[in-house]
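Read through the structure below, which is laid out as structure tokens, and then see the notes.
Chains here go by letter, A, B and C, matching the order in which they are written, and residues are numbered from 1 within each.
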Amino acid sequence: MDIVTPGFRGRARDSSQHLPPGQYLVHDFPVLSAGPTPYVDTDEWAFTVTTETGERRTWSWRDLMALPQETPTVDLHCVTKWSKLATTWRGVSLDVLLEDVESAADFVLARSYGGYTTNLPLEDLLDGQAWIVHEFDGEPLAPAHGGPARLLVPHLYLWKSAKWVNGLDLLTDDEPGFWEQLGYHEYGDPWREQRYAGD
Amino acid sequence: MVQSRLGWRRAQLVARRDESPTAVTLVLGVPGWPGHLAGQHVDVRLTAADGYSTQRSYSLAAPDHGARVELTVQVVTDGEVSPFLARDLAVGDPVELRGPVGGWFVWRPGQPQRALLLAGGSGVVPLMAMVRARHESGSAAPMHLVYSVRTPTDVFYAEELRQRSDQDYGLRVTVVHTREAPAGAERAAHRLDAADLAALVWPEADDVLTFVCGPTAFVDAVSDALVSLGYDAGAIRTERYG
Amino acid sequence: MSGGRFEGALDGNVLGGPLGEAFGVELTASRVACAACTRVAVVADLVVYDAGPGWVALCRGCGEVMLRVARLRDEVVLDLRGTGLLRVAV
């Protein structure tokens, strides 16, 4: 049983909002990274979807910008227990990107510049649940927060929203990503508090 | 052999004192404290009434004094923990402590080598523990503390450092200012650079054990500069505050 | 040691707490060899990022991941695949 320090309140927290279990609402935007921040020029940026048969489709930055854009407003839930509500983004829906991709795969491994990976079911990227986003709060996405572009899958814990995303591997078998390999949950639903494997 | 301890211990605030306009030393009573070496740190955990908890690491500022430990906390503007520890934690109130942690970035009395200590801002805290440990042990092994601060008011332990360098044989303390130098200072304020180090540090580097502590950029730049002056990278011990 | 390349990073001193928890002994003075480039360093000198879910330690020489440490509910999980040898003085 932890010892309570009288008077300690910690970062501004608001318990009036309905949050997933164990989460605390914050108003700043913590920066957490698993390695050095990659600095990727949009001239060199590329996003590649590779299907289970090895077929590849690649989009350049110009290609991405030419696609229909959406401006989702979503809540973020980090496994380190902070939540940030009503964040605004601009980007391309995965429904648009995957529209013409032929695949029977059930799983995805998202890959990022710098080597980070994370896995999730393919169906969780579809039906308006996920985007490749390049603007946050009306400004180009900063490198520290995953710019030039990151994956955004807000119905799962934020470690699944891979910063600096540069591709998706569509797979018939689930393959654990960077944190999943160490025991984080393969799915990661904050509302069922699926932080660790077995939860 | 120094062992780190697994569990959290109850500690309570015994006293606090200001070190600078933005830094405060906390004296904590820790029943059962196993002792520690200069250079080590502790993890501090605070839990709020609703169960929310968070941790920070702080270097021990004083050498082993039994069940009493000292931490010097630099207040981070809008920080979650440091303003609370520095100003609001009341005498008698508890926090949890884990440690001591660290077996590499330590100075032991009886170490025969000369010790070169390089402090960037609040990185002086574990190095001050070394200065104090050296004083308490009566060690005569030469020690030089080079302490980089922005302005004269940012110096922690100012009075004590003056006393120590006056009274302790073989101890030299050099304060270097990066933003604003004292009136009449020979050296204009600027970031500590390779030329400063070449003029300040021992030229023969063979039997020198070096400790560098502070922000990452400071530690990396100073370490590189020392290596280029002939210091053995393997004898430079570093602790980065990020 | 390199300047600027690992800006904002911490070092292996911060692993002292979680590794001490896992092994019951202080490990920051132990030596590890990079599986990718064989460079040997003390744990205290690794380049470390605190990512939230855990820590990632890189080789200061080649930048490859040497160690990943995750602090789960009741476990400390270590991925040591990037480490060739761990030498602990006893």
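In this section, contacts are C-beta pairs under 8 Å (C-beta built on N, C-alpha and C of every residue); 3 or more make two chains touch, one makes a residue touch a chain.
Please read these numbers as outputs of a predicted model, since none were measured by experiment.
**Q** Skim through the chains and flag the pair connected by the most C-beta pairs in contact.
**A** Top of the contact-pair ranking: B-C.
**Q** Find the chain most remote from chain B, comparing centres computed as mean CA coordinates.
**A** A
**Q** Compute per-chain Cα centres, compare each with the mean of all protein Cα atoms, and return the closest chain.
**A** Closest chain centre to the overall C-alpha centroid: C.
**Q** In whole angstrom, what separates the CA-based centres of chain A and chain B?
**A** 39
**Q** As a quick test, compute the distance in whole Å between the mean CA positions of chain B and chain C.
**A** 22
**Q** What are the residues of chain B that contact at least two other chains?
**A** In chain B, no residue touches two or more other chains.
**Q** Please output the residue numbers of chain C that touch at least 2 other chains, ranges allowed.
**A** Residues 6-9 of chain C touch two or more partner chains.
**Q** Touching chain A in the complex: which residues of chain B?
**A** 8, 10, 45-54, 80-81, 84, 88-90, 93-96
**Q** Could you please specify the touching residues of chain C with respect to chain B in the complex?
**A** 1-4, 6-11, 13-14, 16-17, 20-21, 24-29, 42-45, 89-90
**Q** In their complex, what parts of chain A are in touch with chain C?
**A** Of all residues in chain A, those touching chain C are 30, 32-37, 78-80, 115, 159, 178-179, 181-184, 195-196.
**Q** Inside the complex, what are the residues of chain C that reach chain A?
**A** 5-9, 49-54, 56, 58, 63, 65, 68, 70, 72-73, 75, 77, 79
**Q** Name, in rising order, each residue of chain A that touches chain B in their complex.
**A** Within the complex, chain A touches chain B at residues 2-11, 13, 15, 24.
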